[in-house]
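You will see two complexes here that share subunit A, one where it goes with subunit B and one where it goes with subunit C.
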Partner chain A sequence: MSKNGAQNGISAPTFWEQYKRKPLGMVGLFIVLVYIFVAIFAPFLTPYNPKQILLADRIAAPVWFRSVVPQYNDAPSTVRTDLGPNEWTVSEATGGKLSSQEQDGKTITVIGFDPVFSGDVIAEGEADAFEDSEFADAYEKEPDMSVVELSYVVPYTYSPPKTFGLTFNYWIDASPDSKTELQFVIETPEGKEFNLWGKSYSGALGSQPARIDSRDLTLKQRLGLTIFDDPAPRIFSSKGDYRLVLTAKATSGEEPTRVCISDTVFYIPGMVHGVLGADHMGADLWAQLVYGTRISLSIGLSAAAISVAVGTAVGIICGYLGGVVDEFMMRVVDVLMAIPTLPILIILGAILGKSVWNIVLLISAFAWMGTARLVRSQTLSLRERVFVEAAKASGASDAYVMITHILPNVLPLVFAGMVLRIPSAILTEASLSFLGLGDPRVATWGRMLHNARGFGAFTTLAWWWLVPPGLAITFLSLAFVFIGNTVNEILNPRYRERS
Partner chain B sequence: MGAVRATDEERRVGHGEVILDVENLVKYFPLRRGFAQSLKGGPDLAVKAVDGVTFNVKKGELFGVVGESGCGKTTMGRTILRLLEPTDGKVVFEDTDVTALDPEEVKKLRRRMQIIFQDPYESMNPRLDVSRIIAEPLRIQGIVKNAVDARPYIEKALEDVEMTPPEEYLFRYPHELSGGQRQRIAVARALVLDPEFIVADEPVSMLDVSIRGEILNLMLNLCRERGVTFLYITHDLATARHICDRIAVMYLGKIVEKGPTDSLVKHPLHPYTRALIGAVFVPDPKKKGFGKVLSGEVPNPVNPPSGCRLHPRCPVCRDICKEVEPELVEAENNHMVACHFALG
Partner chain C sequence: MGFSRYVLRRLGYAVIVLFVIMTFNFAIFRLMPGDATKMIIDPMFTPEAIAELKRQFGLDDPPIVQYLKYVGNLLKFDLGLSFSTRRPVVNELKERLPNTAVLFLTSFIFTTIIGISVGVYTASKRGTFGDNFVTGAGLFTYAVPTFWIQLLLLMLFGYYIPILPIHGTMSAPPPDGFLLQALDRIHHLILPAGSNVIVAFGSWALYTRNTMLEALGQDYILTARAKGLPETTVLRHHALRSVLPPIITLIFGALPGMVSGAVITETIFSWHGVGKYLMDAVMQQDYPAAQGAFYLIALAVVICNLAADIVYGIVDPRIRVGEGGAK
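Moving on, here comes the complex of A and B:
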């Protein structure tokens, strides 16, 4: 009877009873459940999308560094303002006004200048003025420009930042004989003014981008700095309210001049960001870690499931049918096992292209052989069992015997094997991603490590970039190993403790 | 086991039509040889498990095949059912030549010929419950499509093997049943297709002595009441004697003696049969057996001894025994023996 009990396998409730008593198995299960929870609720655990860039300065530290590391006490968080017509305050307006306009789903800031009265009207109303021909000439040559000044107050309460930026698009609708001047100035709390940008145009102008970046050499020259000076710390040297001032001056020709400004963003990248800081592109690392759980779990589970399914099918067919099929498949298995997996995956990954499903299929293609051998050996013993002969004595076909009698009896073995196959699939995927052969469109832990290695985490000692993905991979793999070993201990008589 | 003993009236000997005719059945298992060995040449070696067996079984009869372990009786049973492919010879079941059927026809034949295996612990898939084990032949044969259709068949089969009420056993797993119950389930599985002929391959040898009687009784009842023909394979002459109508004794792949039970047991003609009977334990200190128990081992069936296969172990062996193989000849009424010096 004892022999029989060992081969009988275990019903689900009994299995759970035994599993509960194994502390390592429970720890593994708990860890995996945590990971699954994180994977499912990823959008609730982080407000950011892992692909969203420029959330902070490159390699920004975690936000909690402020209270732990002295240098980071006042480190700036990201300041980012989208400036639309509602944000601006009109601080001066002579001969023009601020208005807004909807275009292509965007709200555009429009500075409209008053139209010039037609010649007749001028002649009638101000006839006396034109009697002095000198004055009139002067008026003709340099007409007064209308001025609209918009301002926006940025409170800044951190230590000086490393960089800042200002971007917007603008265009001018005007008659050819009109003139327009635009200027961007930052006014510090002390009243100092930094003239960041200025342009003057005559006539109309198509849409132009303006990209003000504190690292820009032309900006440094404009501010009278050497190329080795950083404007950002000089401008934002103290805490207080800074004013961004946009001044538009214009004359109107036959038609009124309009200055349109869209997509205005003022941006001071933070040196601290989020739970785990930011990567070299200013993308949120915590978001990458959290969303990476999804990829790693799904790659691990699906690659393990596919490889085990293939291995089981091959193993049962070879073991049961034997003969030429068996010989051939087992030689294929030998050959595949002899090939070093990682190099061949690198080559095939490069040829077939970088997509998550390609990687899953590649990993599965080189991971089914162990299962096939295991299942084949089990099948060789099962096919000689009397209940198989009994089925044949009732006229059962090979397919019937394989599905009804062999498969259920190899499943427990296969199940334990599958759990143990998951961590190796996860590690293989991480290795490929680390080598830069992963899917570039998705955030995975391997990719995080790849970026960390390639973009300066080592040189800047940004351990908050390096360590979390490493630990995430380690703990997930470890958890599956714990579970797999426990399942093996329970289902696989060979591993059962003799006590 | 008193209840098991068949009365003399029940031992219907030598009448009825033949249901199974086995003619010179041969089954060799070739030995695998290495490549180097096969280059050396020489004859292909084979285990001669069954080496020319001829007998017939009559309708409604309980035919016993008795022999030591390794004498080829189990191989013979399986070859008759085409679970093994015969090397030579012919098996005719009613009017069908079993040995000449193609696989599709063999599948049909399975409805009429079934088998009960020796080990009830091994012969059932531990992952299937009783209802599925019994329903399996029905499903394979396409008689039923689902569990609901199968239910009446299963219940009837369970009642046939006196496992009542059937509902109590339907959803149990083999490990929840005792050895005797399992063997009843095995009988029920064999019966569910309503076969005319069942090979019972040592059905009681793995069971406790106390429950052997039940199973033997069950077979006897099925034979007498439902007219199922049994080929009862056993190493235990005592049980065969109790239930069988006729008995054949096998030694090293050959039948050495066969005849009606009473005649064979009371007047054994072959020294081997005598030895078997002598080995049966008789619970009477005054009674002595027919003689000595044979010494030595059963010879290797790859190289059976020349002449009479028993001669190295035979107490009455003479020179002729070593050279000439004795034919199976009729010594008494329906009682055949293969011995040069058949004992009177």
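Moving on, here comes the complex of A and C:
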């Protein structure tokens, strides 16, 4: 190579002219640009956040399965309704009314009942007589409880679901002598009623969470089912309009009774969801894939850049200075190269803690040695060239010569090497994440595969969970291999066989 | 410089590498944040119990004494007690080493044979489908995550078409009779070893093909053909012979990577071997066990590297001359 003269003769436009003519290089570039586009515009490609859970049933299939797989023909999508005062329709109201109230940024459904004895206070004597003689009679003759019935229509057009749920918070403001009854009922299109939940209280009540879950044993017992029966398919057995009915009955005391209900969510988890389905927590897999692009690209690029920068610096310094420094560093390189990479990364990853930054540093720490060797050997020959001798003779310092004369001449080699280093960094990161050593806070392709293996992709035969992340990794790596080889062909024709 | 001096030199170098790995191994588990003892020592224990436990695990000495003891113990193959099972780590490793060796050797032998044969075959059929296939397979090997292919094969043959066992090295309980037991083990071996072969053979084939093509362009091949020798003879006796040295070098050079890869393969297929032991130990923060397993894997890699150097010296005499000349 000493006959070629300085190698940094190729200008950017010339390089691009040559690059354009290589089909594989262009394919690689195109694929990488697509990935970069996906990484940047991830929020526009999916409405979901990769961490958002309970979007669908666990391991839901992709939504396009409906038109492809017969058994998914009318599999349910997720039905999820937040029920506020505006959604409810008042289907019956005697002695009470529906209103709404803002509290802590939430809109609360309030069912208010007038105080029973308002404007008609009973005299002392009358009260005594009431208690003494006609007690039993009076009790029976007590006026009917005031009733407010709210209903909401849920159109359900799918095959029976596996589960459903209804959650809300409620509290009652009332005087101690009041009585209140609450009830949740689902009415099927055929008019059949399922009494899901009911409570009765005397007096006031602090905020209570209510959670109706079709898998709950108490609900099954309430509906007269055994532990092995599933309420969801029995209730939602046909297609049509289902009515959710919330009934509040109250006999107010001296104060008006107010039944307050907030955070009401009715939820039927879908068995199909989104472009790629959902994971074991009901999180969107397409969102994870799309956001995973960001992590893979940034880890791949930064780990490759750091390792190649370190390798280049070590290579130039060793090659140019020679002597003890060179001897020592080359032995360090030898030893590091003899350490099995993946096992040491596993151990160090577990010890140093799971973060993206740690992974980048670890991958870089065990990937710079090849570049160092290559750059060193190149520097050894560059050192003997006339232009370096001339620079030295005119009094240039070592650092100056290394930066202005050696570095530009090794850059073409280093650049191609860096591109070819990216796929292995991406694969290493994926392996570590797959083994559970990745950052648990971010969605990565390796982590998707980790979850798929650990949380039931195999037993449910959810190939749609397993295939996409691997394809994403493969195409991205392949694209960088194409680009790297093409760059190598143009810049370093002599090194074509090496990586 | 003679060959024996070259070997000695490489041997000395291997010892240094081992020593560095050993020291590193010692340091990393003691310098880490937190206390290695927190896994085994409950703060509720009495001070006497803590002292006794620390003594059992050799954690009560000053670091330099610990280090010397550690080196001494390693030389006696004493790797300490596992935190989680309280058994000597060396015994646990001894149980697992044969399994790892079986998986490794099977994968290795089949990858070599299939890779080289495919490479030789396609070199003789330039430009055909097979030729393109090998180029594709070589690229594929470089770009595809090995563990992903293994997961796909596991799902396909373990769950969709459940004809192969999904985990372990043998059935529990094992079948009666030696022959049935052997068959049972082979049955369990197909998926892990087969997946290793599928993922790795491509790069071997590509390398062999390229080396073969280079050799086939040489003058002596032209001579052999001109003599009217059949093409298979030309391939086997002339071309293959000249490409064997670089291929043998490649074979030994690929060993360390395959040893490292055992961790993932064994984890995926729950193969009762050293790699899975390392992974489990790391996950359970069982440091003596992780240390022992890592040391064993590093030892295997160093031995492979040494073997590669020696074979390299045998097939290419220039190396040992160069070794004496340079430096």
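By definition in this document, the second predicted complex is superposed on the first by the 461 of 499 C-alpha atoms of A that agree within 3 Å, B and C clash if a C-alpha of one lies under 4 Å from a C-alpha of the other, contacts with A are read in each partner's own complex, and residues count from 1 in each chain.
Just so it is clear, contacts are C-beta pairs under 8 Å (C-beta built on N, C-alpha and C of every residue); 3 or more make two chains touch, one makes a residue touch a chain.
Note that the structure is predicted; figures quoted are calculated from it, not measured.
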Item to complete: Considering only touches as defined above, state whether A:185 meets subunit B (first), subunit C (second), both or neither.
Response: neither
Practice prompt. Name the chain, either subunit B or subunit C, that contacts more residues of subunit A.
Written response: C
Worksheet entry | First (subunit B), second (subunit C), both or neither touched by A:392 | first
Worksheet item: Touching A:309, do we find subunit B (first), subunit C (second), both, or neither?
Response: neither
Item to complete: Using the touch definition from the top, say if A:405 reaches subunit B (first), subunit C (second), both or neither.
Response: first
Item to complete: Overlap the subunit B and subunit C contact sets on subunit A and report the shared residues.
Response: none
Worksheet entry | subunit A - residues contacting subunit C, complex | 331, 334-335, 338-344, 346-348, 350-353, 423, 427, 430-431, 434-436, 449, 452-453, 457-459, 461, 463, 466-467, 469-470, 473-474, 477-478, 481, 497
Fill in: Interface residues, subunit C side, partner subunit A - complex
13, 16-17, 20-21, 24, 28-29, 32-33, 139-140, 142-145, 147-149, 151-152, 154-155, 158-160, 166, 210, 256, 259-261, 263-264, 267-268, 275, 278-279, 282-283, 285, 290, 293-294, 297-298, 301-302, 305
Fill in: Residues on subunit B engaged by subunit A in the complex (per definition of touch)
81, 83, 106-108, 110-111, 114-115, 117-119, 121-128, 136-137, 140-141, 175, 186, 189, 193
Worksheet item: What residues on subunit A touch subunit B, complex-wise?
Response: 1, 4-5, 7-9, 385-387, 389-397, 400, 404-405, 408-409
